[in-house]
Structure formats: C-alpha cells, structure tokens
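Below is one structure, written out as structure tokens, with a few remarks after it.
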Amino acid sequence: MRSIPLRRWFAIVGVAIALVALGAVARGQTNWYPSKWGAADQRGAANRITPAKVLEARDLIKTGKLYQLGHVYEAGMPMYGTRHYSIRIPYPFAMPGKNQAVYHDEIISGEIGQIGTQFDGLGHLGIGDLFYNGNRRSEFAKAEGLAKLGVENVGAIVTRGVLIDVAKYKGVAQLAGNYEITPADIKGALQREGASIKPGDMVLFHTGWGSLWMKDNTKFGATEPGIGIAAGQMLVDAQVVVVGADTWGVEIMPNPDPTLSAPVHQLFLAKNGIYLHENLITEELARDNAYECMYSYAPLRLKGATGSPGNPIAIR
Amino acid sequence: MRSIPLRRWFAIVGVAIALVALGAVARGQTNWYPSKWGAADQRGAANRITPAKVLEARDLIKTGKLYQLGHVYEAGMPMYGTRHYSIRIPYPFAMPGKNQAVYHDEIISGEIGQIGTQFDGLGHLGIGDLFYNGNRRSEFAKAEGLAKLGVENVGAIVTRGVLIDVAKYKGVAQLAGNYEITPADIKGALQREGASIKPGDMVLFHTGWGSLWMKDNTKFGATEPGIGIAAGQMLVDAQVVVVGADTWGVEIMPNPDPTLSAPVHQLFLAKNGIYLHENLITEELARDNAYECMYSYAPLRLKGATGSPGNPIAIR
Amino acid sequence: MRSIPLRRWFAIVGVAIALVALGAVARGQTNWYPSKWGAADQRGAANRITPAKVLEARDLIKTGKLYQLGHVYEAGMPMYGTRHYSIRIPYPFAMPGKNQAVYHDEIISGEIGQIGTQFDGLGHLGIGDLFYNGNRRSEFAKAEGLAKLGVENVGAIVTRGVLIDVAKYKGVAQLAGNYEITPADIKGALQREGASIKPGDMVLFHTGWGSLWMKDNTKFGATEPGIGIAAGQMLVDAQVVVVGADTWGVEIMPNPDPTLSAPVHQLFLAKNGIYLHENLITEELARDNAYECMYSYAPLRLKGATGSPGNPIAIR
Amino acid sequence: MRSIPLRRWFAIVGVAIALVALGAVARGQTNWYPSKWGAADQRGAANRITPAKVLEARDLIKTGKLYQLGHVYEAGMPMYGTRHYSIRIPYPFAMPGKNQAVYHDEIISGEIGQIGTQFDGLGHLGIGDLFYNGNRRSEFAKAEGLAKLGVENVGAIVTRGVLIDVAKYKGVAQLAGNYEITPADIKGALQREGASIKPGDMVLFHTGWGSLWMKDNTKFGATEPGIGIAAGQMLVDAQVVVVGADTWGVEIMPNPDPTLSAPVHQLFLAKNGIYLHENLITEELARDNAYECMYSYAPLRLKGATGSPGNPIAIR
C-alpha cells in the first residue's frame, strides 16, 4: 500500500473535523453556558434559596406590614403583542338539596404566565435555539408543555428582598422611558438607602414607570426605563435570584443598541438562570422607604409553562 | 264617609304587609347573615390578618424549611364536574436583532380559580341567591366578572398555620372516603400534637386522601373525608381565616345528610366569610410533624373571580 | 251569613286576579308570543325550509359562480363589547414511524358564535326573561349550554337568497351610519332590481357599510345603518327565514328611539323565530347585480350555543 | 502547475456535490411534490371546483332533501389525544332601554379546527418539515397562525358528492376496526351502486363506524376502518377534491404497516393537496341509498388555521 502525501492528510483531516463540528452544531449539543448547579439542573438561581436565606429574610420582618406586589388582572390591562386575557362568569350551578347551595366559577383564557404581573421561567426566552443550561428549544419545547425548564421546577422563593429606588436616587417621580439604569445608579441608590445586595437576594427596582399602569397603557407599553447589560452583569455577579421592577420587562426597552432585543433577558435566563419578575407594584414600598423585606412567592406549578402569574408578597 | 269595619282593616293591612314582604324577598334585600366587619365589607375573615398576626407567624419560622402546598397543574389532574384545563405552547417568536432572542409563552384555558389547588373566594358559593354579607348573586354576578366579592379583594394572607393530622390521630394512613371529622377529632388531634387554634389562624387538615392525587383520580373525586357541620361551626367559633385540606372540598362529601349539599361551604363562605383552600399538599408537613408554621399566600388578583389557583407556602 | 257588597266583591276579585297575574309573571309562565310551529318548537322560521324551497333555490343556479359571504376571522377584526378571539398554533406533534408524519392544530378561544360573521340563534336575545316561544332564560340558560333554543336545533338552511341593494337604490356607495332602512326603501330597491321576497327566503341587505371592515373598525362598530322596526315588521309579514347584512347588527344601531336597544332583534328572534346573519360580505354580489341566489348555510351544531360562526355560500 | 489525478478529482467533486446536497436539505429548499397549480398555490385540489362542477352538482338535486353531515359539538364527544372542547354560557348582558333587551353569548375554547366534524387544511400535516407544495413548516408555521396554507385559502366547495357504502358492499352494518378499504372495494361498491367517481368530486365513505359516536367513544377512537395507501392513490388518480368518512381519520388507523403513521394524510394533504373531512354523519345518506348529491361546504375562514369545524350539507 502506498503512502498518502502529507498535504492530502491535512485536507482529509480538515474536512473530517469540519463535518464533526457541523454535525455538533446541527444536533445542537454545545452548551456554551453550563449551569453551576450541574448538567441536569432546571432550577437555576432558585438553588440559592437556602434555609439560612429564609431565616435571614425572617429577621427582616419587624412590623408585620404586608405589601401585595401583584397587579389586578383585568380587561384592558397592558399586554405585550397580541397576548390576551379573558374572564367570564358562567351561569351558576344549583346543587341538589334543601340547603340551596349555588355556586359559580370563572372561565379564563390567555397567556396567563406572560401577562400582567408575571414571573419569567427559564423556558421563556433563549438565544436562538439555546436556553438555560444548554437545553435546546428544538428538543424540549412541546405542544403540551415544555419537557424541561417548566416553571413547576422553580419551587418556593422566600428570601431577602431589596428595593432599589432609582427614581428617588435620581430625584424624579418617574424615570424617562428610555433611561438605562447603570451600575453607578445601583451603587448610588443603595448607598443613599444604606442598603446592599447579598447573594440569594431578590432585587426590586422602583422606576416610577408603574404609575402609568391602567392610566396610560400606551405610553407604559411603548418603551420603558430599566437596567442595561452592565447593570445586569453587576446583578449576575452579585448572585441574586430574581430581579423585578415596576415595568413590563425589567430591562431598558428598546435597548439603546438597536441591533439587540432583550439582551438582559438572555443574560439572566439563558446564561445565568436568574428569574425576572415583571409588572410589580413598588409604589407603596417606595413610599414607606421599605428597602429591605421578606419577599415571598411561589410560582403556580403549571407543568411545562414558561412563566407564572402571581401576587408576590413583601413583608416587613 | 262611613267607617271601615275592623275586620276589613285587618284584611287590608295584612295584604299590604304581605305584599311588602314579598317585594323585599323578590328584591332580595334581606341580609340574614350580616358581616361583623360592616355592611360594605368584601374581605370577610381576611380582616383577621393583622400585623400582630404576621409577627406571630414570623416567630414560628425556626429552621427556614419551605413547603410547597400547591399541586402541579397538569392534564389529567382531578377536576370537578366538567371543568377543564388546557395548556399549549405555541410556536416561538423570534425577536429582531443580532442577539437572536427567541421566546415563547403558553396559552391556558380553564376554570383556573376552581381547579387543582384552589382558594374559594366569597363569590363562589351561596345559599340560593344569598352570598356573603347579604350580597345577592342576581345583583353582583356579571358576565365579565363579579361586581362584588371578587377574589381580588382578599389581599395577602400571612398568618399562623396549624396542621391538624386527623389521620395520625385516628391511627391510619388515610381516612375513609366517607369519614366525618368531628369536633372531638379536632380536639383530640390538637391535644396529641400539643397544638391549639387561635383567632386569625389558617387551619390545615391532613386526611391522607391527597395521596390518591394522580394515583387514583376516580376514587379521589368520588367522595372525600372531611369536616362536618359541627366541626365547621367549631372553627367558625375559633375565628379562623382559612380552612384547607388535602381533599377537593375540605368538608365531607357527600354530606351524611342526603338532603344537604356542601353545607360547610355555606357556613364558611356565605355566613362567616371564612375561606376554603382545597387540594393542598399536606404529606410533607405531616411527615415532619410540622404542626405550626407560617402560611403565606396571596390569591391572584383576578378581578371579579370566584377563586384563585396558587402555590401556598408553609415556612417553619 | 250576611251578603257581601258588590263593590267589595270587585275589590276581592281584582286583588285575586292581580295576585294570580303577578304570580304568573314571577313564575314566568306567560307566553306572549307563541310560536306558530307549536309549543315545543325550537327551530322557528327554519321550519320554512322545505324540499320545495330547496328546489326553488336550485333553479336559481345558472352560472355556477360561488360567493363566500363570510369574513376572515383574525386578530384585530371588529368585535362587540369585550368579546375576544384568540388563535395560536402550538408546537407540532411528531407521530411515530419512518414516514415522519408531523401535524399541528390550533387553539382557539372566544365567543365564536358571536364574533365576526355570525348567525344569531334563538337563544341569543330576548325580552327580559322571555325568549322565543315563551321560553324563560331563567329556566333554559345553563352554564354548560342552553338547555333549549341552542343553535344545534336550527338545521341546514338552503333557500332562495334575495339581495336588497339599498345603497345602490339610494345612489350612494355607502349608507350613512345612522340611516334607517324603511319599508319604502325595500319596496323601491326590489322594484329597481326586478326582484321580490317570497315566504321562506333569506334576505340580504347591502348597505356598503361592510367596506369599513378592517379598514376603519372604529367607525364600523360605532353605529350602523340598518332596518328599523317598520322594515323589520315588513319582513316578518313576508315570512322570511334569515335576514342578513354587511353590518354587525343588521338593524339600525343605535335605534332612533333612544329608549330602545335592539328592538328588531327582539322582533325577529323572540317574537317570530327569524334569524339574523351579521357581518356578511355582500360587495361581490352587489357588484354582479346578483339579486337572486341559492343561499347555503348550516350553523355549526354547537350544543347549547347562542349562535354560530360560518362562511355561508351564495350560488348563482 | 502539476496535474491532479483523476481519482482525486472524483473525490473532490463527490464531496462538493454531497455538501451542496446536504446544504439544500438543511435549508429545506427541495420541493419533491410540486403542485400542479403552480409554485404559489395554497388551495390544492380546491382548484378543481369550477362553475361547470357546481352546475353538475346542481343537477343532482332532485327532491330537495337536505342532510346535515356534521355532528353536534358537545362535552364528552370523542377527541384525539389531549385536544379539548369547552363551552360555557356567561351571565347575560342587559341592554339599556325600556324594551328590556337581554342577551348572552358563549365562551368556547378548544382545537376547534381539529375536533368533532373537522376539515383538514393543507397546513395540518406534513412529511417531516415538508408540507403541501414544498412549503416548510419551519418557515410558515407561526404562533399567531400559519403564514401559508391557512384554511382561509380554501374557499367554498360546492361539488358532486359520491357516497361509497363499503359496509353495504361487504354485507355488514359496520366494518371491523382494522379493515382496510381497497381499490377493489371501491370499484365493487361503486359498481353495486351504479355510481362512479369523476374529477372534482367529493368522495364520502360509509363504514358504519360512525354509529359508535357517543355510544362507545373508546372503541370509536381506538382504531378505525378506512382506506389504505392503494385506495388513497386510486382517489388521487381520480382527481377528487375532498375525501370524507364516518370515522375520525378517513384512513385505516393504525396502518397495517406498523412503521407508518397516517400515510394517506401525507399522500392527500402534502403530496396532492386533497382535503380530508372527518367525523361525518353518513348514516342517513346510506339509509336512503343516496349515492350522489350536491356537497356544499365552506370552511370557516380562520386565518392561519390548520382546519375547520363545520356542518357540511348534502342536497339531493
């Protein structure tokens, strides 16, 4: 058998490597952002909720005052794109018996994990086909529910909540609709408040934008102030669990870089397993200068869902 | 003018009184069960949630352990009557931009306030036309949502939770499907646990029936063990806020008196403004002998809804 | 025993009669508008569809040209009040097998019998509690579907269709939004067309208002030209089966008499069992001067529904 | 420059060809089954509905008798997989005015194009990524509706309908649940009936399986008799427009070849643009020996939907 020239070897090996690489891409098996909680993890930053963190949150309850952070779900509330919400009360049902029991319930339809006050799960948004922990949408997204990363995996989140009142820090009632919250804003606002962010926290931004809810829905939904990529990275580094705001997307929308859509969602959900909590009510907390609280929330365990509605509670 | 004979006077006056009475009935203005929180009250026993009660609950958090009390919502779960639950994941949406943001959400339809783990609001069940605080279904029930008694009025409920493990007290893993929990059972179980019920508490029954969930749905839904009228009255007298259980209706179903349907629902909701929390997971609490906890739950603020889904949290 | 004076007799008898009458009203048993098709009838004017009528319609097919009278159902179409329509395509289902069968379907929610092109059934609208043939809403309307008068009772309607082009008769492209079509208009338009109305016909009005559909939905839905009570009575007398139009309500809305809402609906549905077909496409028929056709339509047999969507066909 | 050996040329060219072919597959641009109605066609065999075909159907109307071919849509009807159907009647709406107009409508949710009597559009089922006329699911399937092949493109179908009573031909009331209808059966049954299939026809199979509807839903849905691939090809060659049956899938299910799922759906929808009409009522036609009729049906114009519900009409 005669020898193969070196150049030919290079060509053959090169083609082989290229084919294998293309195959891997085609099969979508590369995980550029492995989870620090292991290859099988579906809970992301919720793993940071430990008994110690719960006890830390407990110690922030001083007065027993409760705050509902969730908006009322109702016809006419702001909704993204063509999402919808419908509620109807059917005719009542009369039960048999001399005690005349009569009941009714409600029929609801809508994208209820992604309208109104909403908690974004890890199956909501990704980078092309790539979602949290290297999971591929083309593999786990199914008609009857996500086969992985469904919001039922999150579990209860009871932790320290930190309110960052950027509006007050900037001396305004409401940030402008195109205002990007920066790392310096976060530092400055925390310094003003005498507060700090610790690993495992829930961070809650007050921008004042939420006062437009059901007052000027068009303006509310057109743009929003919010954190940019730099502030997002700062929160990733701080190892938080959930980032919420009184806006519909938490991050600045549209992004100042016109070639980017929702990059902070990608940074949080797909790359770091950190959750977003959108359309929260922060006004009362801000009015009370309530910068620390227990945040108590457990997503509805909707099997295979991308998010959850809710009425999270802040307790002081 | 001649005088009118006395008998005639009686007749006329009698007819007049009867007509007025009939008119009152027809207009439904009699309130047989006025709320102790005033004629305008729509919150019922949720008024018992005070800052002091929250602080009392705080002090029950000793270990930082969290319990999810809510079931997974999924196709095939037990549902009452012809209620339904459907979830579908639509095709994803690709956002513009070089960062390839892609998202999807979920379409859900169903009686989501009255399926799976569910919290019964005061607009859910009444006595003929009469609901909580003298409100008439014929007046407040509207196609687009209840005009009164909607679950959005309840607010956050953070309070002391007391687990009453009747199964363990009776020395069984699961009460029989027609077992009526009596006042003596409650007293006995509490005594065994060294626990007690205080005003403002959430009371949670462990019957073992919940272990049938998604295992034998037919048996689970056919009947259920639960409190009878006497035990219900005992809890009313104890001034609780919410009564929950690992069953679909909290009270014994069907009622031992075949002429009655859901009389404890009427006693709680219509007459006393006390809420029911159905289809809760109690197994883990029972296993841990966790008889006291902080119960943290806020119904979804679904405007005009009769109930709410949820994933209530117990914290110890 | 002494005699009772005559005046007293009158009084007693009068009260008795009044009480009986009031009782009848309260029980809702008076049928002011008995159906000419019998006390059990639920089909109303659909009884006029006979084999002879079908054959009459057959003979109107001369060219074989088909007209779709139904609009496209789509997001953004005009809808009355807070009705909604949502369609989503879930992720596909892959079937097992080497032939790679893959399918998807659609999830739809909405008041689909009462949005877009819609056929009003006899259970849709009444006079207080009174619906067609003396049926009482309080008795037949049930959460899971109307127990009587559901649209599944109507059956197939194949009959002669008559287009009445009132716009052309009045020399305009579009009638004004507050224009009441009168008996004189009907007579005049028919005379111009050389057409006539016969018992059992479907009558179809072209007003030009339909050209606003998806062009100016706000104007389209704010008011509409249409028949008034007098024209409605003329059609009742003519013994038609269905009255349709290129408007959302067929009759003039709002009614010129500000104390009346939808009186022609009552005249047709509740008193005479005549159907309405709303939001039809009439432009192409009008352009073709197609004044007679076979109208072919069968409501979806939605058990207990108040109406039906559809795509009725005109054939010439 | 030295010459390249022939073998090497073959290798290089071979690799290049393979890469280009793989690329084409990856991009999904090959159209193995081009439509005979042009590259832009979305209507498939509905193009065969011509005025001449309508006139041919007209001439089949002899008696004026109407047949509803659509089942009642109701709770408990057979449904494939986890599809659902829910209908509820909300509380009524009272309109202003002294004439007491009161109306209600219905809330419906479900896969209404793919439950009950259903018409499969060309966007319903394909071969991997490949659908009718080379359209790729990965390109045209969108969350808010199919961007191509939506059922709104079909148009009205009025044509000659031919009933093929295979049950009667085989001398049974009901074909067995695993019976494959063959070309010989079709020929034999047509010969017995004295009927024939012509281009542009709608073909309707009576198997007797439909008598299980709402009688034995479990058996009805477990399997079904129906045409196999050979009979399907015969109908393709006969240039029909729609093939319907009194079964849930028209074709034999499961396929006798266990490696195939729904191959006749692929043959009809993806390769030939022929529609399926499922869960039709054929009993009355069969009883009347009504082998020819006018079939009149127009799918609901549900934008971007994969199918349509309906109540098709047969007229004789």
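Labels A, B, C and D are assigned to the chains in the order they are written; within every chain, residues are numbered from 1.
Definition applied: a contact is a pair of C-beta atoms (placed from the backbone, for glycine too) under 8 Å apart; a residue touches a chain by one contact, two chains touch by 3 or more.
Values in this document were obtained by computation on a predicted structure and should not be read as measured data.
K.L.:
Between chain A and chain B, how many degrees of rotation does a Cα superposition need? Round to steps of 5.
P.N.:
About 180 degrees, rounded to the nearest 5.
K.L.:
For the two copies chain D and chain A, is the contact made of the same residues on each side, with over half of the numbers shared, or of different residues?
P.N.:
Same, since most residue numbers here occur in both copies.
K.L.:
Let me have the rounded angstrom distance from the C-alpha centre of chain A over to the C-alpha centre of chain B, please.
P.N.:
30
K.L.:
Quick check: how many Å separate the C-alpha centres of chain B and chain C?
P.N.:
42
K.L.:
What whole-Å value do you get for the distance between chain A and chain C if each is reduced to the mean of its CA atoms?
P.N.:
Comparing mean C-alpha positions, chain C is 47 Å from chain A.
K.L.:
Show the residues in chain D shared as contacts by 2 or more other chains, in ascending order.
P.N.:
Within chain D, the residues that touch at least two other chains are 75, 82, 86, 88-93, 104, 107, 109-110, 141-144.
K.L.:
Can you check the complex and tell me which residues of chain A touch chain C?
P.N.:
75, 82, 84, 86, 90-93, 104, 109-110, 141-144
K.L.:
Please give the residue numbers of chain D that touch chain A in the complex, ascending.
P.N.:
Touch list, chain D to chain A: 15, 26, 82, 86, 88-91, 107, 109, 144.
K.L.:
Flag every residue of chain A that touches chain B in the complex, lowest number first.
P.N.:
49-55, 58, 61, 63-68, 70-75, 81, 83, 87-89, 92-93, 95-114, 123-129, 137, 141-146, 152, 155-156, 158, 255, 258-263, 265-266, 296, 298-307, 309-313, 315
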